[in-house]
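The following blocks contain the structures, represented as structure tokens.
After this come two complexes, each holding chain A, first together with chain B and then together with chain C.
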Partner chain A sequence: MGRVSRGLLSRALEVARKDWRSERRAQSGLASIGLFALVTLAVLSFSVGPFGAGADLQAALLWVLLLFTGLSGLARVYIREVDSHTAAHLKLLAGPLEVLVGKSLFNLWLLVLVELFVVPLYLVLMAPRVRDFRVLLATLALADVGLVAVSTLLAAVVAQARTRGALFSGLAIPILIPLLLAAIGGTKAALGVTPDARTHLVMLASLDAVLLGVSVFLIEPVWNE
Partner chain B sequence: MRENGAPVRLFGGLHPGLLYCRAMAAVRLEARELARTYGRRTVLKGVSFSAQAGQLWAVLGPNGSGKSTLLKVLAGLLRPSKGATELEVDGRRMPGPERRVALGLVSPEISTYEELTGLENLDFAARMRGEPREPERLQAALEAVGLGRAAHVPSGSYSSGMKQRLKLALAVQHRPALLLLDEPMALLDEEGRACVRQMVERQLVGGIVMWATNDPSELPRERHEIHLGA
Partner chain C sequence: MRTLLKVGLLVWLLACIAAGTLYAPLARRLFEMTRIIYFHLPVAWITVIAFALSAWWSAVYLRRRDLVADAKAAIWAELGLVACVLATVTGAVFAKGMWGSYWNWDPRETSIFLLLLVYAAYVTLRTAIDDDERRASLSAAYSLIAVVTVPFLIFVVPRIYFSLHPDPLINSQGKRFMEARMFEVVMASFAGYLAVFWWMYRIHLRMALARLSARED
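After this line comes the complex of A and B, so read on.
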């Protein structure tokens, strides 16, 4: 079992590395996600401003920003394989679970890279008062895992469809609402709006476990024809 | 394998150990009553055959008769609607995950990664199969198909013929037990076609070749045939 896991993880890392190498050269995904995040943040900053929203609204706006940033770019991992006719080539080299884990790792890396830039900028432009950075970081980390798990699986689902954009958002948003609410709750706790961070962090971790489990269970029938 | 510190190379960069192993392995491919439907349309029906090592099987038929579909079913890319396939290497059945390591496929529906160089494409495939990192072996595989000088160029800038040659290199770099060729001569000049013939000759030393084509004249004379759409 240990050898199987190590083999799966090493092949998944190769898939992620391949995607990252392609992304560094094409720079299409990172650029589009980054640009979307910056434009959205600029609109929020100009329309709401640093003193125009209370802490609870600031917490919600941060997650609206991150949610739609994720939705704008995380589906590309599978769609690109289908559009460039490399999906069959990849199927000859890797099983569905290895591909899912690899592409999830790549998406997580992409999201973290964007957040490393966007979240500090949000804190500067919107100026929320963060009382507990550890809770904020834990909320970001746990919510990112859930967001990536859902986005990556649904990307595999919609990759073969014609109306991908609408289908992807239409499927993802209802599934992500509980995750979003828990993430907003954790962020509110980080901003000192509510005292209880633990409940929201436990909820996020539980949702992550469920979403990851469902992804692992569903990827085989989704990926194989 | 090294001799006096330098890697030993054969024509085409074949590792002598692999050549020996392929010659000794017994390979058998069996298909029983294969069928594949797309909605109401039946593309394959009742296809059965048994192929042994050293055999070339030509898959012939008009356009839309299911030649590419048959190869994709044999490669595990499509599930058959009915029937089953079995690949045995040295008396051992190769289930789904293991079969991937034992076969190579050249198909118009498969593309390589255009942001990666020719060498990086081969390296990725080798790593996914768990092969040791041997850059000189991969370079030799590219030279065998005439892409030695383009090894470090992104494959997106290759001509269509060069891309086809890269697909050939990817399909045979790991000396598969089963080589599936779907219109392998497409887009190739005479030198490229000669590469294909040489590859098929080498593959038939201990392996099986399934070759789908619209042009039977490009096939070797010694072959078995599967006629689809009759």
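After this line comes the complex of A and C, so read on.
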């Protein structure tokens, strides 16, 4: 059993490394996500400003920004394989679960990189008063896991459809809303709007567990189609 | 016999409307808006039942790879969407009467609206894939990932966030806070509208089976 999990993890890491190499080679991907985040943040900051929004609105705006920035980049993992005709080759080299775990790890890494850029910039430009950084970090970490679980599975779905970009957001956002509500709740708690961070963090953790479980269960019929 | 059943159903529904107006009392503080409950509650329940059945047939498709199961999943999703639109519209009318505006982003309103979005996305996904088997697999997967969020939307979100929505039947205390005659009319209406949706389901299923047999020929 241990050997099987080690084999799965090492092949998954290999898939993640391969995606990271292609991302660095292409260069345009990460740069365009960063640019999208920067432009959106500039629009938010320009239209609302640091004093125009209360902590309630600031928590919501942070997650709207992260959601749309994340969705602009996370769908590409499977679409790239289909467009470059490497999907069949990848299916021979690794099983659906290994590919899913690898691509999820890559997407998580991409999201963390985006957040390392976006969140500090948001704190500077929108100037929310963070009362508890630990709650903010826990909210970011837990929400990222759910966001990546849904996005990666749905990326495999839309990669095989005729329309992709708009369809991906249309499919992902309704499913991500409960996660987004909990993430906004956790961020409000970090900003001191609500005292109860625990309820939101527990909801995030349970959504993560459910969404990860469903992704693992469903990837085989989706990827083998 | 079938005509008799159809006429019987029409009489039953007319009797339910009459009972909602003449037999059941008005609820405290809801006044005349009480009447909408006899339509809104049944269609809201049918929404959840239809989406649960769609998820069930999606799981059956993934297990058996049978296109009839996929057709049943698609039909229940579409009928669920119709019920969901009706529940949303009647809910908005109720909100206008009780709280002064059609839409307040109350947790219940948010939940039903998100269900509407999820299954509208399901129907859109089905139109974006040409191959029958691929469409069946991918939409079944989407239906199953969508359905796991439903308990969070229906049961968890309204418990965490403050809601003005009355919850006389589905509540955290597990008790019924509804006058007995009102409850009788709600259940009778529910049975009537469920029969209407079942009838629509049978018609759609016959059409889907005809399409599938034409495809095989």
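Going forward, the second predicted complex is superposed on the first by the 225 of 225 C-alpha atoms of A that agree within 3 Å, B and C clash if a C-alpha of one lies under 4 Å from a C-alpha of the other, contacts with A are read in each partner's own complex, and residues count from 1 in each chain.
What we mean here is this: a contact is a pair of C-beta atoms (placed from the backbone, for glycine too) under 8 Å apart; a residue touches a chain by one contact, two chains touch by 3 or more.
Just so it is clear, the model here is predicted, and its values are computed rather than measured.
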### Task
Could you say whether A:198 touches chain B, chain C, both of them, or neither, answering first, second, both or neither?
neither
### Message
Just to be sure I read the superposition right, which of the two partners does A:129 touch: chain B = first, chain C = second, or both, or neither?
### Response
neither
### Query
Looking at the overlay, what does A:178 touch: chain B (first), chain C (second), both, or neither?
second
### Query
If you stack the two complexes on chain A, which partner ends up touching A:161: first (chain B), second (chain C), both, or neither?
second
### Task
Applying the touch criterion given at the start, work out whether A:14 contacts chain B, chain C, both or neither, answering first, second, both or neither.
first
### Task
Check the residue A:25 against both partner chains and state whether it touches chain B (first), chain C (second), both, or neither.
first
### Message
Tell me which partner touches more residues of chain A in the superposed arrangement, chain B or chain C.
### Response
C
### Message
Looking at A:91, would you say it contacts chain B, chain C, both, or neither? Reply first, second, both or neither.
### Response
first
### Task
Check chain A for residues that touch chain B in one structure and chain C in the other, and list them.
225
#### Entry: Interface residues, chain C side, partner chain A - complex
62, 110, 114, 117-118, 121, 124-125, 128-130, 133-134, 137-138, 140-142, 144-146, 148-149, 152-153, 156-157, 160-161
### Summary
Seen from chain B, its contact residues with chain A in the complex are 72, 75-79, 96-97, 100, 103, 105, 107, 109-116, 120, 124-125, 127-130, 154, 170
### Message
For a test of understanding, state which residues of chain A touch chain B in their complex under the given definition.
### Response
7, 11, 14-15, 18, 21-22, 25-26, 84-86, 88-89, 91-95, 224-225
## Note on the structure
Listed in rising order, chain A residues that touch chain C in their complex are 150, 153-154, 157, 160-163, 167, 170-171, 173-175, 177-178, 181, 185, 199-200, 203, 207, 210-211, 214-215, 217-218, 221-222, 225
